[in-house]
Each structure stands twice: as structure tokens, then as C-alpha cells.
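Shared chain: chain A. Partners: chain B in the first complex, chain C in the second.
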Partner chain A sequence: MATLNIMVGHAQGNVPVTILRAEGDIDAATHKILQDKASEVIEAGSTHILLDLGGVNYMGSAGFRAIHAVSNMLSETESSGLTKSRHLKLLNPTDPVARVIKTLGFDVYLDIFQDRDEAVNSF
Partner chain B sequence: MSAEQVFDFLVKASLDNLQEIRSYIDRVGARLGVNESALGDLRLAVDEAVTNVILHGYGKLDGIVELHMQSDGDAVVIRIRDRARTFDPSQVSAPQLDTALRNRPLGGMGIFLIRKMMDEAEFLPLPGGGNEIRLVKRGAIQTGI
Partner chain C sequence: METPFTSTLDRIETLRKCAFLQGLQDKVLDDLASRAEMLWVAGGKTIVNRGGTGSKMYFIISGHARVHHGEVTLANISSGDVFGEMAVLDSEKRSASVTTQSESVLLSIERDVFYEALSTDPGAFKAVIHAILQREREIIHEVKTRSTKLMAYEKEMEIGRRIQADFLPKSVPVIKNWDIASRFEAAREVAGDFYDVFRLNSHQHLAVVIGDVCDKGVGAALFMTLFRSLIRASSLYGNMGSALVDASSGGASITAGEVLLNSILTTNRYIATTHAGSSMFASVFFGLLDTESGELLYVNAGHESPIIFRQNGETELLDITGGVIGLFPAATYAVETVTLHEGDLILTYTDGVNEARNSRGEQFTEQRIMQVAEPEANGTETFLRIILDAVKEFRGTAEQSDDITMLALKYQAHGTLD
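This part shows the complex of A and B:
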């Protein structure tokens, strides 16, 4: 079975940012690990999440479903227009994951960064 | 590389086996000389197809999934067979990619991804029950000139 570990970190930019670093594969067997960890930090007060995908070699549609759910959890106060999320951003996706992000159009609604500090300060 | 090399894999239909199935694609892909880009597409399409079989075909029932992977010139052909209830992909709505995330329904991306990643994707009912999913990825193998 695939393994997925989610490490939680924090950084201070213009606002406090929770960094979730995913390592492993995100498939239908593991996606809830990500979703549950995000839910946990949101319930604990996190309002801005940077999801670091640098350690994810494989992500299928279940992973995108989880990201979608996290985005919905964070975006309750946002307008429903076609704007990018101010609460969830992505960091350093590997090439195969980045390709699927684009195929599914998630890049239209979620900012993607390669540099951690730039990402933190963008919130 | 000869034109026809066939590799078979039989596995219990369980989400716990998805990684093993992706590893099978990687192993056979390496044997067939599949390029990295095509291998990523095949890994994703097969993972999505088998996930659908497990979650929506078998549901709570036990079952098996058979995979057959072979070369055909510069193409890779993968057949995925199950004994689950008949699946009709035309009943699956396409994801609303031009709609903001918060206004989209969750999920529903698997079949879309399969079709985007493959040159051909056929969903066929098997005589006597079950389904066969036939996936074709062209230009996946560097052939001799």
C-alpha cells in the first residue's frame, strides 16, 4: 500500500501560514490522510495553507479531490467568482503532478510557487 | 524490442494494491522501453481505471483485476479486466473545468483524466459479465529506424 506522510510547519509572512509538506503517493488509498490533516489544522485555527507537493511523486484524481475539499474548507468567506484562492496555494509540484494540475485546470484557481519564501509572502 | 511482448498481472481489487499496480506498470514499462512521459500517463490512466473498478464496480464486494500490458509497434496497449457490474462511461458527467473550484462538485475527474492521457480508451462489457478497459498510448516506445 502507498504511504503518505504529512508534516506540519508554520511560517510568518503577511499572515501566519501553515505549511503542509506531503511526502509519498496521493491516491485513492491515501488521499484522506491529506484531507484529514488539513481539516485538523483548519479546526485548530489555520486560515492560510501552503501545500508543499515537492515530495509527491504520484497524485491521481483522489489527490485533487482532497485539494478541492481543502480549498472549499478554507474558502467559505470568498466570493464565488473565478478568482484564485487567497487561502490555499501550492508549492513545488513535481513535473508529473504539475501536468495533471494543469490538465484539471487547478492552476487557474490555485497559485503555484517554486520558492517557499515567495509563496509564504504571497498570502 | 520485438513488436509483441505481453505481460500479465492478476491482483485483488483493493485500494491497498494501487501502488503495486503502478509498480507493475513501471516494471513492464521499463522492460518495453516506454519513455518517461508516456509511462507517467499510463500509470495515471491505469490507476484511475482500477480505482473506478474497485470503488464503483465491485463496491463492497471482493473481486480481482487482471491487467495485460503489451507493446504494439511504438504503442503500449493495456487491457484491464474485471468481473464487476457493467460500467457505462457515458453516464459519467465531465468535470466542470471552467467553473470555480468552490462551485464544482467534488470528484468526477477519473474518466476525464483517462481520456486526456490516452490516445484510445474503450470501455467494453465482457460476454458473461464484467468489463474490459482497453487503453492505447501511441509514441510511447522508441522504435528502431
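This part shows the complex of A and C:
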């Protein structure tokens, strides 16, 4: 059975950034773990999240739905009209995940970085 | 610590609460009680594991426990109930796991002790068999009730499937100089593929839509009907009052490209705002084909790239021009143009084709579609059948896990309608 672990880290850029490092598969069975952890850090005050996908080898549609849900949680106070999220960005997706991101066009909606520091300072 | 086993009478009374032992004589109960082991167990402790072996059965003196297969609860049991007796009586593996739900007092009895105690009373075996049969009847009753409910549920699902099928075209339009065919093979589990082919009001343009709603199950099916209807309604009726004209003729009227873009933007915005909390999305390829000139305007919203098989043997992919629809209200999309010439064929499909898996977990892939395709085949029906046969052969004994949808259009040489 697929498992997913989420580790929480923090970095200081122009704003404080919470880094969620996901390890495992993000699918129908595990996506809620990501959503719950994001909800927890947002309730604790996080406003900018960098989702590190370096340890994720599979992401199904449930994973993309979870990412959208997290983006929605972060943007509740933000006025709409923006094409890309200013509060949620992705870091270092593995090849299979990057392929799906590209097929679905998720890179249109979210910034994707390979370098952690560059990502943190982009917020 | 005070135990309910301080006197002979207490022991017998406590054990007699267990239906399983009710028919036994006092001396057998007393014998069992004196040779049994008392256990005080905290809540949340798994006492027996499904698939494991064991020689002990347990009686719940006080407390609550859950009989389960992993996360699925089969029964909740409490004071007076017995568990683990099946594996003890037939020496097979444990058929379910049992985990305490609260602090509990249990009595455990070894198989040999149980049989020895029973052998002292000629009526004891009869009483235990009676108790087992009683339980079996209860289980049969429960199974019957559940299967009746399941049948009602399956009937509802079947009705749902039929309604969903009604959202797909029953036939594709017959258009001069165009050979059009579609295939839809539903997976066992309800999924969210859809396609549509219909003429715009201008009659010069043919709308060609294929989409795949994320996830599976009833939710995907419901959203499929929504996406499909919004796209059709917005492109047919969303521009009422504006006469559709050919893009080249200019003027104040709306162009085919605007119809296409409006439809995608409207559908995206509606679902991304009205159903924001659902996070449901669809990948959609929407093309407007000028059936006179062969010019195809399209938006590819996060969908598998349609493949154009040119008459000269070359292939072209129509890559995405925007992200999936239904999530971000402000999403933008580019309208691209490609022209089909006589003898060219365009194949649109969903990921049930390229991501079909065999028993080794390998995917069919876009490359294999191009390898097996025979665009020169006699008609698009045959063209699609050849691909579908190849997918099925590749899949072998593995289950079809997703809907398979394909739609092909071929620009025929004028006057050859075979």
C-alpha cells in the first residue's frame, strides 16, 4: 500500500516560507495526508508554502486535486484575477511527476523550481 | 485487584453470560474458569491478527472490541461475546483481526483445555455446536441483508451509467468529405471520459470535443455531465445574437475562434468558481473544424496531444495550449490553428489508450499508438478498431482500469465516400 510522509521545514526569504517535503506516492489513498498537513501549517500561520516533490515518484489526479485545495486554502483572502498562485509553489518534481504536470498544464498555474533557495526567494 | 472470579458462583455466572457457553453444566464452566487465563487489556490493542495462527479463544468479560479486516469493521463486540474460537476449533488461520476499543477484561482458553473440559460432559459438545449454528444463522441473515442492499445499490449504479451514456452522442454526424468514427469502452468502475461532435449554428463548423474528468466513481460521472453540457451549451447558445462568420470576413460578428475561446473560458470559470471546493478538473481538447477548408481551430486544455497523421506519412502532435479546466477561474488559453488536407487524419483520445497497462505494469504509450496506427486503413472505423485491438492485445489479462475513448476524423479525397 502506498505511503506518504510529509516533513515540515521553514526558510526565511522575503517572507517566511514553510517547506513541505513529500516522500512517497500522492494518490487517492494518501492525498489527504498532504491536505491535512497543509491545513495544519496554514492554521498555525503559514501563508507561503513551497511543496518539495523531490521524494514523490507518483502523483495521480487526487494529488493534483489536493494541490489545488491547498492553493485555495492559501488564497482565501486574495482577490482573484491571478493566473499563477503567489502562495504555493513547487520544488524539484521527479521526472515522472514533471511529465504529468506538463501534460495537465499545471505549470501554467504554479511556479516550479529546481533550486530551493531560488524558490524561497521568489515569494 | 478485585476480580469477578473470586468465588465459584461468580466464575460460573460470568462465563454463563457468554452465549457460546450457555448450554454447559456448572462443573464444566467452573473447570474452564479455573484453567482459563484472565487478561486486563488496554484499549487499542490488537489481540488476534487476521491470517495469523493461534490456539487460544477469548471471552469478553467486560469492555468493547472491534472485529475487522484492516480498516473495514466487520462487527463490534462486547461483554458476553467470544472471538478467536473459529481458528481454535478448526485449526485454520485467523479469519479476522480483533482490536480492543476500550480497556477490557478478557478470558483466554487454550484449545486443549477447552476440549478437555468439554469431554467431561456428554451434552457439552451439543451445546457448543448449537451455539455455533446459532451464530451461523445470524451471519447468514446479515449477509442476506447486505446483499439485498448491494443489489439495490448496483441497480442504481446501472441506471446512473445509462444516464451517463446518454450524454455521449448516439451517432456522429455525416459530413460531406469527412469520415468520422468514435469508440468508447467504459471501464468496470465508473469513470469520467466524454466526447462530443456537433455542428455549430453556422453549419460550416463542426465542434469536436474530447475530455477526461479527473478521478473515478460517481463524482467523476456527475462532473462529466456538467463539463460536457457546459461546453455544448456555451458554444451553441452562449453567443446568441451574434452571427457567426468566417474569421477572414471580419466585421462585427463573432468568429469561430471567439466561440471556441468563450466556451472554454465560460466552462472553466463556472466550474472553478461554482464548484471551487470540489477541486474537480477535466482535461479537454476542443476543436472547431471548418469542414469546407479543413482549417481546425483548437484549444488543448491539459489533454493528451491529438495526433495528425498526414497523408505523406508524417505525424504532428497538437500539444497543450493551456492547463486543465475547472480549477483556476483566471486561467487563460491560446487558440491554435492547424490545417488538414485531403487524406489527413486526426486522432483524439483519452489516457485510457496510452496509459493502458499490461500485467507487468507497462504502459501502452503514445509511441505505440503511432506504431500500430494504420491511417491509410479503409475508413476511420477500421482505423480505430486496429488501435483498440492492439491496446487489448497489449493489456492481455490485466483489467481495463480506465475508460477508453477515441475519436478520429479523416478528410477524404473529394467524391470518395467509401
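One rule holds for everything that comes next: the second predicted complex is superposed on the first by the 121 of 123 C-alpha atoms of A that agree within 3 Å, B and C clash if a C-alpha of one lies under 4 Å from a C-alpha of the other, contacts with A are read in each partner's own complex, and residues count from 1 in each chain.
In this text, contacts are C-beta pairs under 8 Å (C-beta built on N, C-alpha and C of every residue); 3 or more make two chains touch, one makes a residue touch a chain.
Note that the structure is a prediction, hence the values are computed from the model and not measured.
Colleague: After lining both complexes up on chain A, report clash or fit for chain B versus chain C.
Modeller: clash
Colleague: Looking at the overlay, does A:Ala98 come into contact with chain B only (first), chain C only (second), both, or neither?
Modeller: Touch status of A:Ala98: no partner.
Colleague: Should A:Ile42 be classified as contacting the first partner (chain B), the second (chain C), both, or neither?
Modeller: neither
Colleague: Does the superposition put A:Ala28 against chain B (first), chain C (second), both, or neither?
Modeller: both
Colleague: Look at A:Tyr58 in the shared chain and tell me whether it touches chain B only, chain C only, both, or neither; answer first, second, both or neither.
Modeller: Only chain B; A:Tyr58 stays clear of chain C.
Colleague: A:Val8 in the overlay: touching chain B, chain C, both, or neither? Say first, second, both or neither.
Modeller: In the superposed model, A:Val8 contacts neither chain B nor chain C.
Colleague: One more residue to check, A:Asn72. First (chain B), second (chain C), both or neither?
Modeller: A:Asn72 contacts both chain B and chain C.
Colleague: Who wins on chain A residues touched, chain B or chain C?
Modeller: Between chain B and chain C, the winner on chain A residue contacts is B.
Colleague: Following superposition on the C-alpha atoms of chain A, which segment of chain C from the set 77-85, 311-319 or 347-355 overlaps chain B?
Modeller: 347-355
Colleague: With the touch criterion stated at the top, can you tell me which chain A residues are shared between the chain B interface and the chain C interface?
Modeller: 28, 61-62, 64-65, 68-69, 72, 80-83, 103-106, 109
Colleague: Could you pull out which chain C residues touch chain A in their complex?
Modeller: 214-215, 276-277, 279-281, 283, 301-302, 304, 320, 322-324, 327-332
Colleague: In their shared complex, at which residues does chain A touch chain C?
Modeller: Residues 28, 61-62, 64-66, 68-69, 72, 80-83, 102-109 of chain A touch chain C in their complex.
Colleague: Would you mind writing out the residues of chain A in touch with chain B in their complex?
Modeller: 1-2, 25, 27-29, 58, 60-62, 64-65, 68-69, 71-72, 75, 78, 80-83, 85, 96, 99-100, 103-106, 109-110
Colleague: Spell out the residues on chain B that touch chain A in their complex, using ranges where they run on.
Modeller: Chain B residues touching chain A: 15-19, 22, 40, 43-44, 47-48, 51, 54-55, 95, 97-98, 100-104, 106-107, 109-110, 112-113, 116-117.
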